[in-house]
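Chain nomenclature is as follows: A, B and C, assigned in order of appearance, with residue numbering initiated at 1 for each chain independently.
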C-alpha cells in the first residue's frame, strides 16, 4: 500500500492535527499520487488537470490517473438526492481503493470536501462506512497536499503580473485552507500578490443554487466583482474551478480585462 | 378553566419532549450536570479582555475606563465631602445644558438624602421616592448601587434592598453612588455573589452606561427610553451601602 | 402590508433585488454589524472556548429539556410566578387574551419578542379589543408602518432614516427631519405616557435559569425595564428551549450574545427577574405570568442534527454574515425567522411543504456556521432538510429526480460518462460563439443554461478532455 501515511481516519482534514503528522513525511520521498481530476476540470478546464500533474511531478511525485473515475457526487448530495450521491460515491470508492498511491490529490476544495463527507452517506452500512473513511483519509486538496504533507511552498513557478486570491468557501471553511494557498502564491517569482477585500466572501456559485436562484447568485457575484475590479489586478486566482467559472463568466460578460486562473495553472507557470 | 386545560397542556408538552428525546416518563433528574464544568471553566473563560494591563490597574481604574467607554461618566470620591462636591459639579454642569434639571428624585438608600441636601446648587425640588406617576416629571434620579462590575463598567442594582427600580430608569439623568469595596472584577464573580445564599433577589438589574439604540440605520443614539446620562460616583471612603 | 409567505420565496427574492433602497440599507447594516461582531470577538482571547462551552451547555440542556424545564418552573412557581403551557401559537394567544380579559386590560405595552411575532400575538390581541403598543424603537417603527420585522435584532434595518422620517410625519404628525437623535426623541416622547397608562406589560425571555427560576432579559433602550416594572401585570412569553441550567452559566452567554448580536461588550441593561416582589409596596408588577411555548420545538429534539436548531440564542449574527440575506433582506423569506437560522427552523416549525424553498436558498458557503456563537452547523442542517424534502416530495420534483437518476446512472458507468461528454462536446456548438457561450436565444432550450447565461458567459467544454490528454501526452513522463 505504498508508503502508507500514518493517519487517523477519524479526523477529517478540518483538523489541523493531521498536518503535523503528515509534515513528518517531508518532501524528500517520492510519493505516489493518484489524481482525482474532478468532472468539471476533466471536461471544462483540462489545463487545470495538466497543470496539477506538472506541479506534482515537479516536486517529485509520481502521478497516476485512473480513467474509471467520474465524479464525487456533490451535485446530487447538495440538492438532497442522497441515494444518487451514494451510488456515485460507491463508484469513486471502488475505483480509488484499488490504487496503491500514498495520496489521492484533487485540484478542488469542494470536491475534496465532498469526499470527506462520504462516510455520512454510509451511516447505515458499517463496511461501506469504513471504506469511505479510509478513502476520505487519503484524499487531499492540492495546496493542502503541497504545503501540509510535502512541506513545499516553492514549486519553481514564475508569473509576471498583479494577482489576487479568492477563498473558495469549501476549501476555506471545510478544509481550513487559508494560509496554504497564500504561501504558495507568495513564492511565485514575478507575481505581485494583493489581498482581495472580503477575499472570504462567497462568489455566489453554490452549485445548483447558481441556476436555481440566478438573480441572487448574480447579486452576490457582483459584490465579489466589485472588489476584484477595485484591487486593480491582472488575474484572480482560486482553488476551485466552479468559483472561477462563476467569477470568470461575469468578468467575461462585463468585458473585463481581468482573467481568472486556477491555482494549479499559476503554480505550473514558468512565464 | 385555565388551570385544568393547562395541566393537560403541561403534560402534553412534557410528554412530547420526552417522546422526542426517546426517554421514559420516569428517570432520575440529572440536575447535577455530570461532566459539565461550572465556575472553573467560567473563570477560565473570562478575563484577559484587558490582559496583562488588568494586573497593574485597580478595579476602580478598570471600572472607570469601561464605564467611560460606554458614554458613562465616572467620579472618584475619597470622602463624603468629595461625594457632595461631585454631585454639585454634576448638577451644575447639567444646568448649563438643555437638560437643565429642576426636580431631583432620591432613593430611600440610607444616608443618601442627607448627602443630596448638602449639595450647594439650587434646584426647585428634592423628593425622596416620588410615586411612579410623578417620577415622569423629574429630571434627575439619584440612587446608590449595591455593587459594580469592573470588567464591563456595570452597576448592579438590587431593588429589593433599595427603592431604585424606577428612579434609576425614568428620569433622563441617573446618578449612582457605589462603594469601591463592592466592585467585583468580573461578571462571573458578581453572579456568584448574587447567588451565594442560593436564593436570588426578586429584581436585579445590570446597568452599563446610558440607554441607547442603533435601530435607525445602525446610527448610535444615546438616550432612548432609559436615562440619557449616567453618572457614577465611586466612593473610596467609608462605605455607604450595607452589602 | 408586506405579509409575504415562504411559498412565494422566489418572487419575493426577485422583487427584493430590484429594491435599491433596501439593498443599500442591507449592505451598510450587515457590513457594519459584521465588522463590529468581528472586533468584539477578537477582543477576547478565548472566543472559541466560549462557543464550545455554550454549545456544551445547550446540548446538555436540550438532551434533558424536560427535567430542566420542570426545575425552572418549580423554582419560579415557588417564588410566585404563574405558568401557562401553550402547545401551539393559537393556545399561547388564547392564554394571553384570557389574561388581558381577566385583568380587564385595555392597553398593553410590549417589548421586542420574536416568539410573539411567531404566534402573531398582536393580531390576536387587537381582535380581542386590546390596544397593543410596541415600545422597542425598531418594532415601534414597523408597527407604525404595518410591517413585520426584517431582522431578528434590528427589526427596521430595511428602512432608511428618510423613510422613517416620512413615516413619523405621516403617522405622528411630527416635523419633518432626518436627524436620527430627533426621530428617537419623538419616539421616546410619544411612548412615555403609554408605559405609564398600560395595564399589562408583555416581554420575551432571553434565558430562563433553571437553578433559580430566574427570567433574564437583555436590552439597550430601557423599554424592557419600563415594560416589566410599570404595569401591574407582567407576561413573559418564552420558547421552551430558552432554559439554561445554572445561574453561573449566564456569564458565558452574556459574553457571547451582545458581541455576536451588536458587537457590544454588554447591552445597556440586563433584568434578572426572579418571582414577584417581596412586599406589596415594592415597585414592580403584582403578578408575573410566563407563557411557555412549544409550537413544534419539542419535535426538533428527535435527532441531534435537528436538536441543535434549538440551541439558537437569537443573536442574528448568521443573518449579517449570509451572502443571500445580505442581498435580499428578511422579508423575502416570508417567515417570522429569516436568514440562515430561519431557513432551518421555519420548515421545522411550519412544515417542509410550505417552506420547501427556504433550505435551497443558500450557496452553502458556511459563513453562518463560522459566526454562530453556539456553533449550530447550519449548512449540515440545510443539507439534511434538502434530503428530507426530496424524499418527501411527490410530484413536484419528479423531473429533477429523474434527471439525477439519469445523471447517477451515467456517473457510475465511466464509458457512458465519456460518451455523454463527447455528445455534449458536439451539441455545444449550438451555443458557442466567439469561444464562449453567451446569452443567445439558443440557450433558452435548456433552462439551467438559460439561467446561467442570463448574467454570465460560460466556457465551453475543452476540445478534448483531460483524460484524452492524459492518454495522449501526459501519462508517459
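In this section, a residue touches a chain if its C-beta (ideal position, glycine included) is under 8 Å from a C-beta of that chain, and two chains touch if they have at least 3 such contacts.
Everything numeric in this text was worked out from a predicted model, so none of it was measured.
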Using each chain's Cα centroid, which is most distant from the centroid of chain A?
-> B
Which chain's mean C-alpha position is nearest the mean C-alpha position of the whole protein set?
-> C
Busiest interface, counted in C-beta pairs | B-C
Separation of the C-alpha centres, chain B versus chain C, in whole Å, is 30
For the pair chain A and chain B, the C-alpha centroid-to-centroid distance in angstrom is 53
Rounded Å distance, chain A centre to chain C centre (Cα mean) | 32
Residues within chain A bordering two or more other chains = none
Contacting residues of chain C [partner chain A, same complex] = 10, 13-14, 17, 23, 323-324, 326-328, 360-367, 369-370, 383, 385-391, 400-401, 404-405, 407-408, 410-412, 414, 417, 421, 424, 436, 438, 447-448, 451-452, 454-462, 464-467, 469-471, 474-475, 477
So, in the complex, the side of chain C touching chain B is made of residues 25, 28-29, 32-33, 43-46, 49-50, 53, 56-57, 60, 63-71, 79, 83-87, 91, 95, 98, 135-138, 141, 154-157, 159-161, 164, 180-181, 183-185, 187-188, 191-192, 195-196, 210, 212, 214, 220-223, 225-226, 229-230, 240, 245-252, 254-255, 262, 265-278, 282-284, 292, 294, 298-302
Residue ranges of chain B touching chain C (in the complex, touch as defined) = 2, 6, 9-10, 12-14, 16-23, 29-31, 33, 36, 38-39, 41-42, 44-46, 48-49, 51, 66, 70, 132-133, 136, 152, 154, 159-160, 163, 165-166, 169-170, 186-188, 191-192, 194-195, 199-219, 221, 223-227
What part of chain A is in contact with chain C in the complex they form?
-> 37, 39, 41-47, 49-50, 53, 57, 65, 67-71, 73, 75-85, 87-88, 90-91, 169-170, 172-174, 200-202, 204-221, 223, 245-246, 248-250, 252-253
